[in-house]
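The block underneath contains the structure these notes are about, expressed in structure tokens.
Chain lettering (A, B, C, D, E and F) follows the sequence in which the chains are written, and residue indices restart at 1 in each chain.
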Amino acid sequence: MTDHEKVKVSELIKQSLIEDLGDGDHTSLSTIPKNALGKVKLIAKDIGIVAGVEVAKMVFLQVDNSLEVKVFINDGSAIKPGDLIMNIKGKSRSLLSAERTALNFIQRMSGIATYTNKIHGKIADLNTKLLDTRKTTPCNRIVEKLAVRMGGGTNHRFGLYDMIMIKDNHVDFAGGIVNAIESTNNYLNEHGKNLKIEIEVRNFDELNEVLTHGGVDRIMLDNFTPEQLKEAINLIDGRYETEASGGITIDTIRSYALTGVDFISVGALTHQISSLDLSLLTL
Amino acid sequence: MTDHEKVKVSELIKQSLIEDLGDGDHTSLSTIPKNALGKVKLIAKDIGIVAGVEVAKMVFLQVDNSLEVKVFINDGSAIKPGDLIMNIKGKSRSLLSAERTALNFIQRMSGIATYTNKIHGKIADLNTKLLDTRKTTPCNRIVEKLAVRMGGGTNHRFGLYDMIMIKDNHVDFAGGIVNAIESTNNYLNEHGKNLKIEIEVRNFDELNEVLTHGGVDRIMLDNFTPEQLKEAINLIDGRYETEASGGITIDTIRSYALTGVDFISVGALTHQISSLDLSLLTL
Amino acid sequence: MTDHEKVKVSELIKQSLIEDLGDGDHTSLSTIPKNALGKVKLIAKDIGIVAGVEVAKMVFLQVDNSLEVKVFINDGSAIKPGDLIMNIKGKSRSLLSAERTALNFIQRMSGIATYTNKIHGKIADLNTKLLDTRKTTPCNRIVEKLAVRMGGGTNHRFGLYDMIMIKDNHVDFAGGIVNAIESTNNYLNEHGKNLKIEIEVRNFDELNEVLTHGGVDRIMLDNFTPEQLKEAINLIDGRYETEASGGITIDTIRSYALTGVDFISVGALTHQISSLDLSLLTL
Amino acid sequence: MTDHEKVKVSELIKQSLIEDLGDGDHTSLSTIPKNALGKVKLIAKDIGIVAGVEVAKMVFLQVDNSLEVKVFINDGSAIKPGDLIMNIKGKSRSLLSAERTALNFIQRMSGIATYTNKIHGKIADLNTKLLDTRKTTPCNRIVEKLAVRMGGGTNHRFGLYDMIMIKDNHVDFAGGIVNAIESTNNYLNEHGKNLKIEIEVRNFDELNEVLTHGGVDRIMLDNFTPEQLKEAINLIDGRYETEASGGITIDTIRSYALTGVDFISVGALTHQISSLDLSLLTL
Amino acid sequence: MTDHEKVKVSELIKQSLIEDLGDGDHTSLSTIPKNALGKVKLIAKDIGIVAGVEVAKMVFLQVDNSLEVKVFINDGSAIKPGDLIMNIKGKSRSLLSAERTALNFIQRMSGIATYTNKIHGKIADLNTKLLDTRKTTPCNRIVEKLAVRMGGGTNHRFGLYDMIMIKDNHVDFAGGIVNAIESTNNYLNEHGKNLKIEIEVRNFDELNEVLTHGGVDRIMLDNFTPEQLKEAINLIDGRYETEASGGITIDTIRSYALTGVDFISVGALTHQISSLDLSLLTL
Amino acid sequence: MTDHEKVKVSELIKQSLIEDLGDGDHTSLSTIPKNALGKVKLIAKDIGIVAGVEVAKMVFLQVDNSLEVKVFINDGSAIKPGDLIMNIKGKSRSLLSAERTALNFIQRMSGIATYTNKIHGKIADLNTKLLDTRKTTPCNRIVEKLAVRMGGGTNHRFGLYDMIMIKDNHVDFAGGIVNAIESTNNYLNEHGKNLKIEIEVRNFDELNEVLTHGGVDRIMLDNFTPEQLKEAINLIDGRYETEASGGITIDTIRSYALTGVDFISVGALTHQISSLDLSLLTL
């Protein structure tokens, strides 16, 4: 996690705690003495990849920075049922106020990391990188993209603002591929912006037009079969980065990666989120 | 959606748009003329329950309130591939800025509503209500709970603040069940708060202690088998609302509901989120 | 349903009622007063596409045309658990005599329509039509083919009599492709019949022979891969209708349809019939 | 197959052939010489239980009783891919006219027998019999019930006419359980009919009322859990036949059968029909 | 089973009995009279292919050759729940000492034969043979390879010693494909060994080098797509046997076999062993 | 692994190497120079629990004790794709001779450990121990039972010789439960053997007879439902160890363990062996 990412995560945690706590955890306030102390353990209950340990730690400390958090297993590690991931000691009221929010983060993040890891495992011995997409849960993109990295994936652009992605709509409005690329380069120059340019092509005609004109950093080959992709990569011949997308699944990803494509983006990484089973036990 | 919920959803949309747009959709800004107009259609691509139509509409209007949104299928309806859910007309730049965020909301909400609906379908002819839990995605609880309702479920408490839920930890700290209930009632009186009180019991000893003492609104029977639940409900005999929880699945829920329990809470409603396949087509 | 189809369905219903009723529903005759009145509701219990509403209505009216049938959801609509599809009022004896037969029709038809709809959903945005086959349940072809249409599919020929389909056996007996096509055309002329002619080819040699000779309306390309199909369609170049068949599944159909083939026939539409869960509740 | 069943099957085959053939198989008529001879083999393509061999043989002979049919594997046998089930020799036109109808029968029947056999295998070492229901395909009840027997199941009543089944509706109209049983017995006496009487009970109150009054042959215990069923069977104590029904699946059937119940009826036997893969090869 | 195989199986059985019996079955020795007699039946409990009948018979006779074993269903047959496979009569102590070992053999072998049969069923009408690999359970290769044959498969080489298989490592150490083939042929001549030579190629360059040089019996085409395999087989043009390998599954095997390749090897035949459910009942 | 176990494993490895090597790896002998050196890495390709690292190391050293083996991940650890488990350096001929046998051990053992771990994870927080059975692969019981331990399970008796297990057959021959227990105790005394005695009961009558008489160490409760098991454990009241068995699966094990039973035995641990995907890469 970079410092910049930490700031984003921290803000997201703040909003999540407000969401759950409202004007107070009245059950704990009424039954638990103010200074009562306790300890909880975070235990794995399934096989998978843990992700969100650092985020969960931030949740506890944001609720009460006097809590003592001890981490035993780091983000990105394989875990099995019974593994002790972290324990937290301190005021019982604080522990109870933080626990659901912490679990909601770490279970979803671990689910994403585990799934990413399974898909990535199919191509881990090859040079192709596995990319995520913008198909993330509202306001959770920062943690979902972190989880993808912890599972072995690579992040694509974060949002609409940090990379150019020219799709067919843009091409149509700009009046053709050549115009679209030129407009984009002009815009970036005018605004003093230094963003990578990726353009999507859907057939060999479009690809050839891009190759003739140039002016981009990466070409996305959308809905190509592995055979077509192989042919396209031969044509591109290393002049631009390449990315495959469109309906690629865990069963088919290897045949795409064997073509030598640089990147494969898979929306399902953050589109089918099964939380990994973890539990917080009070001691 | 109540007015209060609309405010929460509106704030969540605002944050989500900031997340995706940052300092601007530079691709559209550079390729699409400012006043270019367009139209998109939201089309179903799978069988399921649609949820998030109103939310998606709010996303489009929040990006640009000059967009014209026409809704053809309302939240909570069954949809099939090819069904036209809504269309939106107006500035192309606005459409492209809103589309991913709108889809991210509606696809997740429809996934939750569809899954809720399948589980609810198992008990729809009985009187038992299907409840969600607090196992929601950070900052998305408002939309996930709306989706549960659109799928036929019923919302449990929103957070830690709007209902009392006395669990074993609280009982231990308070020095027994009786003390816990009394502390809670005292606290609520002192603070002039009018919250429902639910208490969790895990066996017949605890249940009998609650029944002897009274002072609660609902009893959660945790990890009871259907046979034990039936016996417990006979003992309770209508004096308190009853709720079953603990590992109840789509395959077993009917046997629990047949006991006559008032509520069954199922964490999986918001814990295993498979987005429903929808697409936005540009015309 | 055309008038001609209605006649066929009506005859099938008649035989089905004889099958179930024999010399009478002795249970109802002995326990239910002759003029007792009642009402039943047909309720959906699963998500899917309803088909057979009109057929079920015909069943009730054929048993007793004094029954009042009110339809709320039409054939081909998406339904969800709890949806009220139709209700029927009148003599209780009549309701009980008709209910199992009506359910047997509508549950199977809805199962077929739902499955057809799922497969069709994969290609609904393309121009390719999804065809059924003659792999239907004996005597139920009329209702199974109606259900396919209600699910978004298109009917292939009804039986051996309403279209010519020249397969390899026919070719062998006729002494080659050219002879087979000529014999067929001669036969149709002699008998004054105006039937479409389709011929099956299994490789490019056979295809070229057909293309050279002509004299057919549609070419069925059997067991071609998507790549081979693409090449064949280029060769055919719009001169004849094209149909792909042979082991095409829900997972692979899109790659076939993307070749631009006119029709894809899928035996599984009527070969794997899981009844959709519906129930008739007595009020 | 009894003689009576053979008559019913024969009539069904006749209608099915009319359905497929209409005014003639014009393709064969135009391309295949009248006296051309051929031979086809029916081959298994999957592991399962074959059912419908005798029915398929009847189809071929009904089309042309000069065909020579040789059967190698009998109904009810386990088959594996490659097994030769039967071969048929004679006029090619006859073979082609019969083949689809024969396959449509034998594939569905084998699917039902295979599924029945899997469920029956769970209780084959116990005394409980596995029953089918009236949830059959219109006009196909005779062949579907034969297939159930070939798979190891036992047939329940054929239709509304050959057994009395008193359900809650009948009880309500008759004015209570006692009245319903008495009306039925009176009716049967008056009409000189000798039908078995089964009555459905849904709880112990209803069961006790039946036990006190008597006058039935079999008691259906609907939606009882295995524990409740055990208790009910103890109460009935061998005085009446017992039948369990209601949502019993392949996963749960053994726990019901272990109670010692005489019969278990499972609608799914004929409700989820996946045709078994068989093929007719022309030699 | 050849005589040579019988010797191997016999030795494996001997070791397995030592493993289970150690210094004696003390439970039977202490409770069952020395000369007590009994009888057990081996019954199928699932649908599948039985394999290991002869092996199980050898187990019983090796424990006590006075036992009488009667076999009703032979290795390689399809079985269904309830089928009586064999029965065994004689001293009860002997029966109890042999039963677990006999079941451990026959259940695993039947599991392998059933799975092999399912895969083989996909290509049974084609000329391609389905091969096993050396991915077998330690010391059980002889029985696992027998089971593959009983399921319709064909055995590949037994171990490292009975066939030459030149892989990339060998090629690298030998200094190229040509050198590797020549070294092998020289070695075989020098040592007077007559072993088949197979060489693995992973692309068309390697294939062409092999084709130019010759000197092998079979070419293994590793990780070729069906399209590439087709092209390779055209190039090889019948001069050498051909084998496809690498990630081929039950879903994809047919597309490989349709290329006309001579052999397809599938590690999963002996890699995913689900025992088939059989039971020994004491009478 | 105890020393005693190491001896058994070592002998099994010896036989496995003979099985694979026969009179030599002629491919390596003919192509790889005698003193050529190499290095291989064992890499995980799936998520799971690794088991067999020490066994694989023994395989390599038994082939050539001059090989250098370096272990990075120990038996029983969770692994994920890409994890480096061990590497081995030394003579290339030795590496190639050992690799398939080493993989065959570690892949099966890891498969068992992973599956055991998943089941054990359901009850890991309870006191009940998960036991294996004698349903193991012939001659592989030692490694399969080691794998069960590495996955979190506990070993039951190894064979017929190291514990008494009185089943119904023994009871019948001995003339009743009391006689069977007494015969066993007498036998053990006479032979100076100190073995634990376990007796199987199948209902409460048998249980009560055992409880009245005593003389055993553990009672196996076969095919009890969780409710019956709970009642039985109350009756036994800590006087004897308790074990549940009979059709208990991953889905139902928790309901059994919640009764407080000491042990649950699950045959499937070693009955459904899916090898875990690992690979040996040559550097």
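The criterion applied here is as follows: a residue touches a chain if its C-beta (ideal position, glycine included) is under 8 Å from a C-beta of that chain, and two chains touch if they have at least 3 such contacts.
Bear in mind the structure is a predicted one, so any value in this text is a computation, not a measurement.
Undergrad: What are the chains that chain A and chain F both touch?
TA: B, E
Undergrad: What's the chain with its C-alpha centre farthest out from chain B?
TA: E
Undergrad: Rounded to the nearest whole Å, what is the centre-to-centre distance of chain B and chain E, using the mean of the C-alpha atoms as each centre?
TA: Averaging C-alpha atoms per chain gives centres 53 Å apart.
Undergrad: Between chain A and chain C, what's the gap in Å when you average each chain's C-alpha atoms?
TA: That gives a centre separation of 45 Å.
Undergrad: Taking the mean of the C-alpha atoms as each chain's centre, how many Å separate chain D from chain E?
TA: So the centre of chain D lies 39 Å away from the centre of chain E.
Undergrad: Quick one: which residues in chain F touch 2 or more of the other chains?
TA: Touching at least two other chains: 227.
Undergrad: Can you name the residues of chain C that touch chain B in the complex?
TA: 43, 45-49, 77-83, 114, 117-118, 120-122, 124-125, 152, 281
Undergrad: Which chain E residues qualify as touching chain A in the complex?
TA: These residues of chain E touch chain A: 223, 225, 227, 247.
Undergrad: Any idea which chain F residues touch chain E in the complex?
TA: Residues 12-13, 15-16, 19-33, 36, 38, 92, 96-97, 100-101, 103-105, 107-108, 134-143, 158-162, 164-167, 169-171, 173-174, 180, 183-184, 186-188, 191, 193, 195, 271-275, 282.
Undergrad: Report the residues of chain A in contact with chain E in the complex, numbered from low to high.
TA: 226-227, 254-255, 258
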